[in-house]
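What follows is a single structure, written as structure tokens, with notes after it.
First chain written, first letter: the chains are A, B, C and D, and each begins at residue 1.
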Amino acid sequence: MYAELFQYPVGREGYYGQFGGSFIPEILHETIRELTTAFDDAQADPAFWDAYIALMSSYSCRPTPLTHLENLSKDLGGAQIYVKREDLNHTGAHKVNNVMGQGLLVQRMGKQRVIAETGAGQHGVATATMAARMGFECTIYMGSVDVERQRPNVFWMEQLGARVVSVDDGTKTLKDAINATLRDWADSMHTTHYVMGTVCGPHPFPQMVTYFQSLIGREARSQMLEQTGKLPKRVYACVGGGSNASGIFAGFLDDAEVELVGVEAGGLGLDSGQHAARLARNVGSTGVAQGYKTRFLQNAEGQMRPTHSVSAGLDYVGVGPVLAYLHDIGRIRVEAATDAEVLASLQHVMRREGIIPALESAHAFVTALKEAPNLSPQDSILINQSGRGDKDIFTIAEALGDEPWRAFLRQKVGEWEPETAATDGILT
Amino acid sequence: MGARDSGDRRDTDMTPIEDYIRQRLQRKRLLLMTHAIVGYPSFEANMTMLEAMQHADVDLVELQLPFSEPIADGPVFVQANQYALEAGVAWDNYFAFMQRATMVFDFKILMMGYYNSILQMGHERFCACLAEHGGDGFIVADLPPEEADDLHQYAAAYQQAPIVMMTPVNSESRLRRIADKASGFVYCVARRGVTGRHTQVDEGLEAFIARCRSATSLPLALGFGLRTHQDLQQVKGLVDIGIIGTALLTAWEQGGVKRYGTLLQELTSAVT
Amino acid sequence: MYAELFQYPVGREGYYGQFGGSFIPEILHETIRELTTAFDDAQADPAFWDAYIALMSSYSCRPTPLTHLENLSKDLGGAQIYVKREDLNHTGAHKVNNVMGQGLLVQRMGKQRVIAETGAGQHGVATATMAARMGFECTIYMGSVDVERQRPNVFWMEQLGARVVSVDDGTKTLKDAINATLRDWADSMHTTHYVMGTVCGPHPFPQMVTYFQSLIGREARSQMLEQTGKLPKRVYACVGGGSNASGIFAGFLDDAEVELVGVEAGGLGLDSGQHAARLARNVGSTGVAQGYKTRFLQNAEGQMRPTHSVSAGLDYVGVGPVLAYLHDIGRIRVEAATDAEVLASLQHVMRREGIIPALESAHAFVTALKEAPNLSPQDSILINQSGRGDKDIFTIAEALGDEPWRAFLRQKVGEWEPETAATDGILT
Amino acid sequence: MGARDSGDRRDTDMTPIEDYIRQRLQRKRLLLMTHAIVGYPSFEANMTMLEAMQHADVDLVELQLPFSEPIADGPVFVQANQYALEAGVAWDNYFAFMQRATMVFDFKILMMGYYNSILQMGHERFCACLAEHGGDGFIVADLPPEEADDLHQYAAAYQQAPIVMMTPVNSESRLRRIADKASGFVYCVARRGVTGRHTQVDEGLEAFIARCRSATSLPLALGFGLRTHQDLQQVKGLVDIGIIGTALLTAWEQGGVKRYGTLLQELTSAVT
């Protein structure tokens, strides 16, 4: 099924059922074609995949491990819980898989500059990292709201040599950063590659990003077989744009007996209107935006709705067309986890297993831990830990109302105040 | 070849708008198409803008339906889209405004916008609605020709011109493919990038227009980055229609109706 | 030579030349014996090492990769520079190698509680992680100065379920935390294991921690052979207590042709008195403290001197006795890198290679990059990147005077102020 | 066995301090050893403390030489060590103070401290210095018997008693090994942990002391956590010397010389 997904019926290149396509200003047409050709070419060249694997194992730590959560499995008394450790990647999340792959493609195409959107900042950091390593010029677009709340990532992007552009349009978040990046690209595409951060956007991005991220699923499948002797009953992954989910699901798409479960950001609850679910409970509807057709969180007239999630990385209106299709045909199930459930799950997992999932990944844990008790201890389930949570310290400490953390920040700020105070004294 | 193929079109294929353009071209060497974002800064202001256009003898007007994700627009229009949406612009008041305008003014009016609005409305309902409210066609910034067939069929049925875009980076074969889907006129994008930035009229531009001409026999409109009457002066003789967008909105923002009217008068003086 | 180091002459168990030994209150004698026996036992049991390797490869990402710094090698025109990526470990540094190994030993000994000292907080986080995973009670001692400046790590330790005790004695930093932990141990040793964080303290800690960390060197040696066909000319590692250095050097001790270079914290310069060098330029002198004999940074009467380094992890008065010995006999060379050199090197490496060494590790980079041009492009050198630098954001952003970062913290703090302000308004 | 072996020691092996202890034990069932950290809170205060000790007929006094890494001490002593160092206590003024004290007071004085001070001074120089300034021995908190030989040789040469420690967790063979290095008296550590916390006198303690007695025929001192005259009352008959450390310093900190003197008087009343 995995391979077939990308064998398009005539005239339907880049389509997955009704989803996908390439809805872009005509000015980008040739660039997208060039990219498609370069990607098809690379994909047909076994040396390319080998180079990709070699890069990922010497620069990041692939294959990332598979960890058995012995304590939680025992506590819950249900399925054996396994975790794919994408958090151990260089830069701390699965994002780097895609980014390094696209970097190799940029080298093939001979371009000198890369641009990217970022929401939480993980993809921005990964792209800036790749650009530094491969010697490309780099510009990152980021909604101004995200720039404010994800300053640590902005700091690292800048240190890595990237220019970070704060986007003040729309909701000033991820979707607006995507629009801004598309605009830059429409201008710069002869020298510049757009490193799309997830399995969204116009064809060939959904296919290409899935291709690079499929490494997760390929590794995980053989690791499960090696460590447990059989396939997991279910595979859980959080779904923002959908790249980590697409990546791990890719390994199991052809195993009809493996249930694939995506978990979206339930925010304050699906009924609150304050969430970022699109597939769960079919809250989203078919639309076209940001270059592709999928299920968007939009109003009846096709205007995108504001989204909410405690995790910046899942706070997005669209979803990968491949996932929208797989959901339509019932191959994947999609649930939602609320902010409160996510924080509780995160704390639970930290204390019992010593691992710190990213807030995004913690969504997958919520549903997996909820459902594990319904399976037998002879069964196993697999969770994709897409990233590490230490990047989220500001959000988590805030959400938990950690007073010493606040005191720490106050004191830090206080260290610079004397000067200001002194100046004030003179001026007033 | 392409040109000859397209040249084979019979007169009966002509949309009302092409007809209108060809007639106007009899007395003007360059027509003028201008643009407004409906609801920005207000419906009343839009009306004042359109009155100024009428007064300057503008030939065609794009009325942009605001969208939350305007990927082909530059900063000025992006902000305007957003403002209009926040102010509550929706299908009903958009089309009501269009209707009012088409009843009052002489220029032809085209809907401009993004595909999602049309998709949500439905292709047929959209075309019917346009026709019902006096529109003559539409320009969709993010609809590639591959995706256009169904919509264009309804467009034909409702006598709406589906304006397609040609760009300097398109190959010959791509230009022919676009030409195949074209009717009314063709929107030639003067340069890479989004709306708003200035465009230099140079040899590259002339070569591009020549390639468009050999791909289609339809009238050619040139847009993206034309700002001044000098710009129009330079493209007169090269294309059939000059398109002014951001420059006008900027004039409004900087100097209100006065500056807006003045710019329009200057532009008109260039085309006549 | 590696094996011989740990074959003590009669009556000299735990001694490396004049260094090492076990200078502890008599009350701890039996505990230390029990530990030594348990460790000797474990070491003699091949299944133990296998279990250790299995744990490290499924819970952390061992073997960690070896990365070729292609850009810097080319830029400098000298040796090919390779980096051992301990930063990709779970919890972000080499510390976890030692900690997980000791955790397995604790399981063998049947104890239920672990205690540890921590300076920068990395070892504390690693220990808290191990305790969560293995189900031990956990208390971490940390100087109150370090608690203040390393709040993020304190937050994670607490989230992982550890109790963090702020130590207000002495210089309120690492050495005082070690003393406090020894005191706890003198009281609790029948139920509790002290997870020493580096190759210091009484025998068998230097041997034991070297043993676990030798995994770094074993992996690195075979990776160098595999990737370059020969051994590196030189191996560079930063030296705080000395565990990462001991670990990577262990792999090459028997290769006489490989020069081993340790880099200590030069702080504001060795002549400034504001540093943490002990071996470099023989600034330290032989002494006994914290349970062992080594070269300490002390005054003529044996009182420990305050140390300074931009990197909390190198800010320590003692050094592993094995390293002190290897330095004495000339098997290793030890240099120092100043705070300023470290920051410059860090920025350089980030921009050119997309990797972010910890401030500690950046010390090794300073000396390696300085010396690389003197070797031929046919040669290679190896740097141990002991940890990742994103933990150091507060220090680095501060040191670079990053204004947006300050603004970000001010704004964060500002978000809580209104309440305070409102209250003030009512009260005043 | 061990006891018998040690019992074989001839009287000529006796250090001056053992001799002193045995003589005092003729008229008192329990001797009292107290403790002060030199330079904390000041040399003058130390002098006042020692005067109070003299007044209370204390038998032995440990004068602690401050060290920056006092791993065997509890919070009260740790702070005191640090304070004294910051106030500038060093070898010269430490020994000057010791000399002054040994000249004025009747009790025997022992140096107490950590091995690094001795190592830096040099084993011989240290013992010579102690002897020269009137000391009678030393207690080193972090020097295991394995490491003690060289230092103990010099101690013997300079008639200094190198006091070793026995603890409840030591095995029989370890106790014998410690006994081998002992002279003067043996410091029995009442419990696990560091100085400062209260110790319950119970059966476990009695069994421990019995094990010490069978390992050595030297006088036994008991310390770590004895605080009150009740505590001393209870160990009277069990050991030869009761050691009071933290309780006294705490009394000073809480109530100055008055409370200090009162506590000393109480303690003395228990031992006589």
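In the analysis below, a contact is a pair of C-beta atoms (placed from the backbone, for glycine too) under 8 Å apart; a residue touches a chain by one contact, two chains touch by 3 or more.
The structure presented is a predicted model; accordingly, all values stated were derived computationally and were not measured.
Engineer: What's the overlap between the neighbours of chain A and those of chain B?
Structural biologist: Common neighbours, chain A/chain B: none found.
Engineer: When the centre of a chain is set as the mean of its C-alpha atoms, what distance in Å lies between chain B and chain C?
Structural biologist: Between these chains, centre-to-centre, one finds 66 Å.
Engineer: So how far apart, in whole Å, are chain B and chain D when each is placed at the average of its C-alpha atoms?
Structural biologist: 99
Engineer: Where the CA atoms of chain A average out and where those of chain C average out, how many Å apart are those spots?
Structural biologist: Their C-alpha centroids are separated by 33 Å.
Engineer: Return the distance between the CA-based centres of chain C and chain D, expressed in whole Å.
Structural biologist: 38
Engineer: Think of each chain as a node with edges to the chains it touches; is that a line, ring, star, complete or other?
Structural biologist: Chain contacts: open path, no cycle.
Engineer: Name the touching chain pairs, please: which are they?
Structural biologist: A-B, A-C, C-D
Engineer: Which residues of chain A touch chain C in their complex?
Structural biologist: Residues of chain A touching chain C: 57-61, 64-68, 71, 85, 88-90, 92, 128-133, 135, 148, 151-152, 154-156, 159-161, 227, 347, 350-356, 390-391, 393-394, 396-397, 402, 404-406, 408-413, 416.
Engineer: Write out the stretch or stretches of chain D touching chain C in their complex.
Structural biologist: By the definition above, chain D touches chain C via 67-75, 78-79, 82, 85, 90-91, 114-117, 119-121, 141-144, 146-147, 164-167, 169-171, 174, 178, 189, 192-194.
Engineer: What residues of chain A sit close enough to touch chain B in their complex?
Structural biologist: Listed in rising order, the residues are 11, 21-27, 29-31, 169-170, 175, 179, 182-183, 186-190, 286-291, 298, 300-304.
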